[in-house]
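Each of the next two complexes has chain A plus one more chain, namely chain B in the first and chain C in the second.
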Partner chain A sequence: MVNMQQEVRTLTINVGPQHPSTHGPMDVIVTIEGETIINADIRLGYIHRGIEKLCETRYYFQIPAYLSRLCYVSGMFWEYGFVRAVEEIMGVKVPERAQWLRVISCELTRIASHLIWLAAYAADLGLLTGLSWGLRDRDRIIDALEMLTGQRMMFTYMVFGGVRYDMPAGFQDTVEKSLKYVESHLPDWEKLTIENPIFRARTENLVPVSASYAIELGWTGPMLRACGVKRDLRRDEPYDVYETLDFEIPTGKRGDTLDRVYVRIEEIKQSIKIVRQAIKRIPSGPYQHRALLYPPPGIGYGYVEDSRGECGYFVVSDGTPRPYRVKIRSPAYVHVMSLPKLIKGIKLADLYAVLGSFDPCLGEIDR
Partner chain B sequence: MSQNFLDHIKSLLPYAEVHLIYKNKAYAKVPKEYWIDSAKKLKSAGFTLLSFVSGIDRLNSIEVIYACRKPEGNGLVIVGTIIDRNNPRIPSLITVWEGALWHERETFDLLGIYFEGNPDMRRILLPDEWVGHPLRKDYKW
Partner chain C sequence: MVIEFLKSSPLLLELVRAFIAILLALVFVLVNAIIFIYLERKVWARVMQRMGPTYVGKWGILQLIADLIKVLGKEIIVPAKANKFAFLSLPIFSTGLALALMIVVPFDYIVAYTLAALEPIYHGFVIFKYTVVSNSFSSGLFLIFALLTLNPVFILLIGWISNNKYTVVGGFRAAAQLLSFEIPLLISLASVIILAGTFNLYEIVEKQSKIWFVFLLPLAFILFLITAIAEAERTPFDIPDAESEIIAGWNTEYSATPFMMLIFGMYVRAIISAALISILFFGGWHGPELPGFLKPITGPFWLSVKIYFFMFLLILIRSAYPRYRIDQLLSISWTKLLPLSLINIILVIFVKYLSISYGII
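The block that comes next holds the complex of A and B.
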């Protein structure tokens, strides 16, 4: 037996703020010993724009335009959550056609958001084919959204009491074409990711999280569902017309990185199913209420199932045309919070696989 | 349904003033001494998912709030308590929910509320050398 006194050398390196796998300006400071991460810390705030403070200084109807900048790949949800919180204080009943249009636009956004995540995540793992595929597929969805809202990213589509524009003529056909296009490539996506032995080797059994620990940490959305919890605000606390829609909630088994990929690909399929139903069943009628200025004094909490989890707005109104306080509850912020603890003990090369699977969107994390 | 929910929360937190914000969303105002106790009671009653911790500057006082949900089924409770604005201190919820860590850091950063017992009370969104807490109403910018 050889007894060797080894000098333990640790090294501290910054992964970020400019690093492709952080999906935005975030700094993960890791201390490594050899190749193993022994300590980690996260530095945020590189794109903190003070949106919560900004909201206090703007009129209600101006605010949704700022909020779609919170997450530039799923802006629709972020407008929607705020609009729902304010409508709750106002006590407004939204016209039925507007509810369906909201469902269609949100589910299209969810598909686009998951696709760009797949693209970025594939690139994190060195699959540059995935990067171009994701952008190609997402572009078709964005075309459909552009037809509906006039914008490709910062939609500002939600207004208090409805949506800004009605469906244009020929929208159904465009959506169907886009969905068909995305759907035709989903088998390829599965072959490229969850059925690919190299991809599996890099993600399977990496940082598994139990269901109870995920709840303790406050995880929501696909991250929680990957741990095997059947939790979806669209089903559990339904809003708008989600109650009447037929869709499944995909869940993972082990809560590892591979399950997070699996759940998101399945969610794309479910969103396609929802949009198809909604396009068929949308009733005619008005698509917005007129003359809604600002809410009476009160508090409201608006939530929607974002592509990352529970997007929530806590709004305090004092009866003036500007909100007194707006608290933004960001799901990705909660997920990234647990990262330093979870990555202790894994190899540095696996950090990128884990970090990407959390789907961090720095716009909403930094706010 | 909503009335049942309200009664359920009232029986859980007998010391709180509870009212409904909307269906199955309740707001409970508790005295400061019962801050941790309310969190423990709600967690053991099934509200195990912490949504957020935050605060509101009420000009002559500060209101600290947290919101928790049921991971299965329906229901959200927002609990608030009033603390002194000049010396805003409150026990940390980290003993109840591990996930409170960064929510409290953020509240400290933006509103200057000090959570006693939180092991990581550094600024998070603003630079470390920043002066003041921007979400206070008297913050000059």
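The block that comes next holds the complex of A and C.
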């Protein structure tokens, strides 16, 4: 009898696997009492494709094509992380022009990824205008990337020892035009989101996370920087030519949802700055180093500062043309799995505001 | 001869007038609802830097007719656990309620006004000169209150009868939102009634022939604008059918024609909000007289201009703001709008005293 009364008071809702706000097939099982969440659980794996296992059955040079499918809005980072891990085993020295091209392509992808996140997040809060604006701005960036790589989404641009194609003629102008286009709309974005009174009312002081707790949860990337921790692999453990570039690391103050929006908008600005410098300073020379088809026996770890956090690849090679083991470290997985700890006691409508701010990309979470 | 016959029996004449009044209001609503939806799609698309509908007809003007035909051809799906009779009949009540609101609004007067101007051409028009709504609905605003109060009941029932968790949550949200916004809405309307001294919408407009009420009651106008947006369930108060949170809220389970009716009812309520704002605060059909042969349509012209201005405002508000959370909305209603509307009631007493002594109403 007591149990029955308990059941009447609470309601269990499956937010997902098909829901407009989960950004992919993912199931958040929430128990609500009225509108207040009293319990939450996450069920993942709806698009598990076994990519880690698949990598063990493919030749090394085939693998990056699979890995850019891990996250279809920031595929460049995911193939890059693997290429870095394999290059570490090979001990290849990447030509300087290739390093600059990698920086340009990665930063352009970061802008595109943050823009599509802004678009999706605005739509989560009922601001459908943002959805359209994000796609509009991202399209210009994707145009530039298409010119460089020949693809709009699944780039497969990184190869062992360099990049697949050199910069085409007129690429600088296209990039500059795209960046100008995005930059001209950033004030509008700020007005629409972080300066909008209703947007602030929805996100300000929502689920604030302290710096120490964020580190405890294993957060990385913009999520950690929003909590006030100045951690960025591009600066702390620099790879490629990031040491020589001039850029800032934006951090938030309160670690709330509004700060996560603020940090990502600032990161778009910093990435624009980086691409501008790289386009000017790129040296001439070879863009590809003749590398082995597959690495000698050994282990390698490749890390990249992804648009979501620290993406990591642990690759074990046994000297055969196929890897022995590939382990992927997905930042979005870590972020999403900390959700149930944070959302108890908030309102149901805020679940979407919080979950959206984590930038969940189900492709890399489920792998 | 027909006219002579009608004039000889007052009851029949009254019936004919009532019928024509209802017909005119319905035609006005149907046409404007379609124009409003088209306008929203176009204007919002421009804010989003999209094109909006372009393919069907010139500038996509036939898009909504194409959509209508498409929706009518869809299968009506009734959830297995829902009560079929109630599930299918509730949209009729809900939409009918929204349409009933429209009859109270004196649109027939502006038609009568136009027809009266044509009297030298054809004498028969004279029987429509005094029409039902402006003449007989002396409790017009009362009826609006009553119909608005009935609305949450039907929405809650729709959410409940669909037997779905999302619809139940949406239904309760709608009930909480509409009930808590009705109180500031009614109190802000009460200030208009005190100022005009009548419940009849026609007389309220006629009282504004010298000065619009928006200049006398700016606070009441702002309160009414906010609460009217909430009553129409539009962004930033579209919490009951927040598509990114609870799928489509209370109308999640509906498809095909019943769904179209519910959506139509929501747009009708938005039009009524715009119409009531322009009638209660912006002087309805009053405005500078149009020159030349356009003179007969002065009334309809100004009323339409005002209604479309507020429709446009509703669309722009929708495109620029995200939605509030339900508890924020309730706290706005109870802690801000309600005290302000009570202050407004006190203010209106002084405003009425002053405006009568200066002879402006």
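Throughout what follows, the second predicted complex is superposed on the first by the 358 of 367 C-alpha atoms of A that agree within 3 Å, B and C clash if a C-alpha of one lies under 4 Å from a C-alpha of the other, contacts with A are read in each partner's own complex, and residues count from 1 in each chain.
Please note the rule applied: a residue touches a chain if its C-beta (ideal position, glycine included) is under 8 Å from a C-beta of that chain, and two chains touch if they have at least 3 such contacts.
Note that the coordinates shown come from a computational prediction; the quantities given were computed from them, not determined experimentally.
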Partner chain(s) touched by A:Phe171 [first = chain B, second = chain C, both, neither]: neither
First (chain B), second (chain C), both or neither touched by A:Ser21: second
Chain B versus chain C as contact partner of A:Lys53, first or second or both or neither: first
First, second, both or neither for A:Ala123, with chain B first and chain C second: second
Chain B versus chain C as contact partner of A:Tyr181, first or second or both or neither: neither
Which superposed partner A:Val316 touches (first chain B, second chain C, both, neither): first
Overlapping contact positions on chain A, where the chain C interface meets the chain B interface: none
In the complex, chain A residues that touch chain C: 11-13, 19-21, 32, 35, 122-129, 131-133, 136, 192, 196, 198-199, 201-202, 347-350, 352
Parts of chain A lying in touch with chain B, wherever the complex brings them together: 44-45, 48, 50, 52-53, 88, 215-220, 224, 229-231, 236-237, 298-301, 303, 310, 312, 314, 316, 324-325, 327, 329, 333-334, 337-338, 366-367
Residues of chain C defined as touching chain A within the complex: 44, 47-50, 165-166, 168-169, 173, 235-236, 238-239, 242-247, 319-328
Partner chain A, residues of chain B touching it in the complex: 21-22, 24-25, 27, 48-52, 54, 56-57, 65, 67, 69, 71-74, 76, 78, 97-99, 101-103, 106, 110, 124-127, 134-135, 139, 141
